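Worksheet: the structure to be examined is printed underneath.
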Amino acid sequence: VKENEPQKLPVSSARLESLGDGIFAVAMTILILDIHLPTNLHIHTLRDFKQNFSPLLPNLLCYIISFIVLGIMWFGHRMMFEYISRMNRYFIFLGVLFYAVICFVPFTTKLLASDTEGWYNILLYGLNLSICNISLFAQWAYGISNRNLMHRELPDEVRRQANLLFLLSPVVYSIAIIVALWFPVISLWIFVVTPVLYLLPNKLDKYLP
Amino acid sequence: VKENEPQKLPVSSARLESLGDGIFAVAMTILILDIHLPTNLHIHTLRDFKQNFSPLLPNLLCYIISFIVLGIMWFGHRMMFEYISRMNRYFIFLGVLFYAVICFVPFTTKLLASDTEGWYNILLYGLNLSICNISLFAQWAYGISNRNLMHRELPDEVRRQANLLFLLSPVVYSIAIIVALWFPVISLWIFVVTPVLYLLPNKLDKYLP
Amino acid sequence: VKENEPQKLPVSSARLESLGDGIFAVAMTILILDIHLPTNLHIHTLRDFKQNFSPLLPNLLCYIISFIVLGIMWFGHRMMFEYISRMNRYFIFLGVLFYAVICFVPFTTKLLASDTEGWYNILLYGLNLSICNISLFAQWAYGISNRNLMHRELPDEVRRQANLLFLLSPVVYSIAIIVALWFPVISLWIFVVTPVLYLLPNKLDKYLP
Amino acid sequence: VKENEPQKLPVSSARLESLGDGIFAVAMTILILDIHLPTNLHIHTLRDFKQNFSPLLPNLLCYIISFIVLGIMWFGHRMMFEYISRMNRYFIFLGVLFYAVICFVPFTTKLLASDTEGWYNILLYGLNLSICNISLFAQWAYGISNRNLMHRELPDEVRRQANLLFLLSPVVYSIAIIVALWFPVISLWIFVVTPVLYLLPNKLDKYLP
């Protein structure tokens, strides 16, 4: 009988998205905030300039990689909500978990920047980025398996391609971590190249305006 | 006579929620920002790794607890506005008070992390989290007692369960504070376990999509 | 002739408000972030506790005052947009100016907290808060003088009361600055009491839900 | 045939704008956060005051310039979305790139403030601001060249004036960088004056309410 059935609340995804935008915004800004200026800055010649800024270069590279990776994850997170528009408690907790891992990115980036060839640094950085993607995928998998949360039909092609995109980076980063045992420089290059793979045109572009 | 009656403004809750999302986002990101890296990082062996990261473990634990607690409070705060959608000055000031106490969480977390067995540290941390919940409850109690602010009917079951959820943690944290006089480790475990209670399925889940 | 008339854009206030919510959220969180923990924290007795936290008390007081003042300004800013809903370039620049002065509040608060009885500290703090209110008033005065920007009729009573509320604090803070030349403690009390005046019931409450 | 055509998603610009508001809010607040108070603050006489605050003046000037420049860029960014309202992947990546460069502004501002007459400092600051404007222009140029993303007709006058406004500052800043080789003080004045040019009334004002 209908009377006993509770009236469902229309819990929209708007505020989870808004919390996420705030967290991404702070994490992204904080990333670059962590590049500390040399304490004694009197740059008069090109040599001074090189001397002061060369040690910042690996930092700069790490920060740029992380910024782009965060940008890509923000994009995936943003697109997810084109299909999923209503929330329940489990989805929201998966969402908060995702944000928790995102908040660690400035920390592991600083760690990697402090020694770009250290295996443990590469391990923690790769692990952090992988867990970001996996927890984003968990939200997606949970959301699309729950009819009540969905907003529009999910084409099969989108499902397949999304799975590919979600799982690509954890796989690649795992390889980077293993490779780093012998050739840490190659791992760094993998971190540089992987985001580029996500920037290339893909089969999902045709669903966008 | 109607002419003398002022035309009420439709003061929606949207901006208070948006301010809150910003404050939660900054507080959550700042939490993890406070985990400082060891200054001299040259991690080559597993021993180096352990030596460098072991002292970070209690910090890490405190930060994770606080992040989850903040996530749960954000969720409660978010759900409240499914029922309450219009604001008056008193509600907004209760809201700002809640945000003020939330902003203290990174501070008391750092305090707890600096000495997880100190009674005063446990006192201040437990007190902070309790006051967060109590001030959130104050908003709720004020809001649902004021017909003009409400947006939809509040089922009796929701009222009862919400009261339980709002008051559970202040009670548990008070116990933790008292227990800490003799067994601070148990208090720490109470801080770990309490958020889990909020993650378990509860009677309110059936109102969500 | 109509053809030459440009089609006006419906420039809504939504994004200016959203930028403001972000700025207030960061400024408020940063305030409390500035309360630094004593470096050597081993609190075992009540005496340790007092010794460690007493020097934090003036800081804490300043931060709480500033948080409440920011809360009140946020409220004024928020209510303004109940009447003003469309933007032009001048309004937006006044808005950004207001945010610039708000961003200085954590700075002048830290300054005041460093020496609560220094005249220059009181001068700069009082000046900062006054300019916040004056620049908020400038937005309001400009907005309500421009029919195109308004969203609903402004009752005369609201106009009069709003002027009073906008100009009250600059006047009171000016007095505080002058008084501080002889009795800085009284000025501090003025800073404590002034926000309370804004929390009392007033004639505008009847326009709220 | 229609069946093979994918159903386009209505990817709105709302979340990109919201991420941007967060990033601008943090960057703007962080700017002023970087003005460090002199460590030993006992200001009793006007001489103390001058001694303590004079070294802050160049900093203060740089921060005010950057705040105003960020305000103007935020305004340009905000107005862009009056015409462009739907997103594809390329637009969003251009947007994230723009945010990345914005996040560097607090860094290059601190650099300039550390030595306002150093050529490399002026070079990096001017370059940063120029790239901000150029990457904003890239978004605009890409967006208006793509019918699907647009929301309303773009008058020819707006197109011409917008191009002028987008490209004005990179040109002026390039001049500032070259001039700085001989007269760094003049470059600083160029940085002061350029934002003022954007605050003057212009031909686009008539499209605003």
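Couple of notes before you dig in:
So that you can tell them apart, the chains are marked A, B, C and D in the order they are listed, and the count of residues begins at 1 in each.
As a convention for this text, contacts are C-beta pairs under 8 Å (C-beta built on N, C-alpha and C of every residue); 3 or more make two chains touch, one makes a residue touch a chain.
Owing to the predicted nature of the structure, the values given are computational and were not obtained by experimental measurement.
In terms of the stated touch criterion, the partners common to chain A and chain B are C, D, listed by label. Under half of the residue numbers found at the chain A and chain D interface occur in both copies, marking it as a different-residue contact. Between the chain pairs A-C and B-C, more C-beta pairs are in contact across B-C. A straight line joining the Cα centres of chain A and chain C is 36 Å long.
Taking each chain's centre as the average of its CA atoms, chain B and chain C sit 25 Å apart.
Those residues of chain B in touch with two or more other chains are numbered 18, 21-22, 25-26, 30.
Chain contacts in this assembly form a complete graph, since each chain touches every other chain. Of all residues in chain A, only 6-11, 15-16, 18-19, 21-23, 25-27, 30, 86-89, 92-93, 96, 99-100, 103-104, 106-107, 110-111, 114-115, 118-121, 148-149 touch chain B in the complex they form.
Of all residues in chain D, those touching chain B in their complex are 22, 25-26. Within the complex, the chain A residues that touch chain D are 17-18, 21-22, 24-26, 28-33, 35, 37, 41-44, 48-49, 64, 67-68, 71, 74-75, 78-79, 81-82, 155, 157, 199, 205-209.
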